[in-house]
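Before anything else, here is the set of structures, which you'll find just below.
After this come two complexes, each holding chain A, first together with chain B and then together with chain C.
== the complex of A and B ==
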């Protein structure tokens, strides 16, 4: 799994950090998403998919190859 | 009842799209119809008053899913057509083009439409005068931008009517692209009811500092001459003149098409705590109204994050079936607003608080996170440029935790 984030689209809700704190963080100054791990291990894939699904700004894209 | 094989999702905004996507993701492989009255494939509305109005973004950036991702959902996609009626007995959605969509389950995600001032015309009932705008759709935003940037009214006087978040964002964006902006509000500190007094006062000061003229009053009607908006009339009998008028005085649920459906329609589609409006009928997004388990009162949330969260919730409950395990919907409301380069973020209901308790920074620094407390409980949290501290308060908002926090 390859994780892409779009920082321009991110609205800073932080839902992704709640869903997958190992993979996502937020910039303190504006809450914008930070990607900690673009190739997360398999045991985190479900959490990352949840994060992408709940992102209100559709700012997380996953390549599931 | 057997598992549904035909699901109709009515409304192709964020709530409708996310419902459809969540249904597929959960393994639903039956027929999935998505109906939307706009021509565009599902797009994101929050940037309309920000990056799109400013011209920083082109419309294609608002698209929520690229064509390939939409294809993968295998939708029976009906765009540019309005739902006209729901016949629950026959389990059929009637569309304005005369076609019918039979379905075992329907999800109502038709959202809201903006209120207009008397004199502004209503959809299907008179054309609004030129220069009179609302801001809900992509077409609305492009029309407003065109009036502000091109043609005879470019760079002229914009009057923004309404002291809510939409009006505030539009005023901030418009002044940034060279409009002469007057913001008509009904209270001394607009946005206080949403964000709390401290944050609202900070933003009001920023508006003034950037040259927005804040006018206190209540508009009673739109003025026009020769088919062109000229301003508004106020309750005190005076007039405010403008070249372009943006009316941002709130919205109403777009539920007319459900009038004879037998569903409860009282300030939205009335749902139970699981977001069911009736057997096989669900609602998500701006139009849905459900009982808040903390207060027992029905509420409706016009918030972008709610559209997503409620959609996922409805998809789960719908597929669980009548005998399955369904869940009560208990979101922690979240909103954000971008004005003058600052991003304000809020959880819960900061406007309902009677105490403002910063846990990081201060409003004076334009950097803070604060708990918003009412009757000794955390009912909200609001912050600027302090995302981690703010997120740390989310659990306390969710729990309506006591304040000050009890020692661990």
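== the complex of A and C ==
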């Protein structure tokens, strides 16, 4: 799994940080998404998919190859 | 294909049916047989009504549906709601990129780790309120003594607004959110609250504190009037919604004793229970409004540029296609895909704070009041049908 984020789209709702804190964080100054791990281990894949599904701004894209 | 020429099904907002927790039956009926339908509004204006989870998500995440209430055709729920959008708009009534520029001045204030750091302080406030409510007594109005002051104290603390002024700003807020308020009443309340918040902002210029208002002043990007408008949005949104969700959640649990019992036996499940209560209750019951900026085809319907659209997040949150048995409250359900905070780039900015407040409020009430019960017959509870944010006016409880 390869994770892409789009900081321009991000609206800082924070769902991704709740769903997968090992993979996503928020920038201190404005709460915009930060990617901690672009190739998360398999045991986090479901959590990352949950994060992408609930992102209101479609700011997370996953390559599932 | 359906078009705007259709006759309106009913006037929105429609009256509720027998269950005060459920959306009015006409909306559920529309969801069944005409999920994107035509309705008329208080002033006779027509609008599209969107009722399914999938379609509501599609509208709220599509930039062709504008939040800019100054655009012709924008649908308003009431005369007061139209007045609320007049004058200087808040960023919830703007589109990107201007919306994003202003919203991003606040997203850092409500990010997960910052909100989580408030937990001990919010817990202390909740405990103080319950100490005061319960000492030497066996009953109280949960709204007045706990559900309203808790988020009100918290948002005052965050903004740097003196809580001693709560009677004033709660009364302004009541007028702003009352469906029967006239345009004049809303304009007057807006003016009074705006003047108050602008004066407060100026005082932060002279004597900065650790609150959001002072930080907005320090950024130097907004003038006093712009900060005042933002402060009004945060102050009103910051306590009305959580207050009503708290009281309605307690009432819904009292009416579903098996769910209450589950939560009591599994206090660690409060996080998921709050999501399910947000789904089940969806207190923004008049819908989220948009206007199409170009022709859009949605679910077999052609919505033309300039036509209004109302997204019914409460019916969407009971859509059987997304939530089987959606009329049942089930605190063990995975309800995270609910739309109670909206969807798209306008999704509620303060939702991490709202979630934390609700988790603490429910956990604290259930833990500290083991004998909690309704002090009046359920039929006597007065629901806020006439307010833009649904809830109960009072919740008389005993313990």
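As a working rule, the second predicted complex is superposed on the first by the 65 of 65 C-alpha atoms of A that agree within 3 Å, B and C clash if a C-alpha of one lies under 4 Å from a C-alpha of the other, contacts with A are read in each partner's own complex, and residues count from 1 in each chain.
To be clear about the criterion, contacts are C-beta pairs under 8 Å (C-beta built on N, C-alpha and C of every residue); 3 or more make two chains touch, one makes a residue touch a chain.
It should be emphasised that the depicted structure is a prediction, and the values quoted were computed from it without experimental measurement.
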Checklist entry - Where does A:12 make contact in the superposed view: on chain B (first), on chain C (second), on both, or on neither? => result both
Next on the checklist: Looking at A:53, would you say it contacts chain B, chain C, both, or neither? Reply first, second, both or neither.
Outcome noted: both
Checklist entry - Which partner does A:27 contact after superposing on A: first (chain B), second (chain C), both, neither? => result both
Checklist entry - Where on chain A do the contacts with chain B and the contacts with chain C coincide? => result 9, 11-14, 17-18, 26-31, 53-54, 56-58
Item to check | chain B-facing residues of chain A, complex | outcome: 8-9, 11-15, 17-18, 26-31, 49, 53-58
Checklist outcome for this item: In their shared complex, chain A is touched by residues of chain C numbered 60-61, 100, 103-105, 107-114, 336-337, 341-349, 351-352
Item to check | Parts of chain A lying in touch with chain C, wherever the complex brings them together | outcome: 9, 11-14, 17-18, 26-32, 50, 53-54, 56-58
Checklist entry - Can you list the chain B residues touching chain A in their complex? => result 14, 18, 21-22, 25, 44, 46, 61, 64-65, 304-305, 307-309, 312, 334, 336, 343, 345, 367, 385-388, 390-391, 394
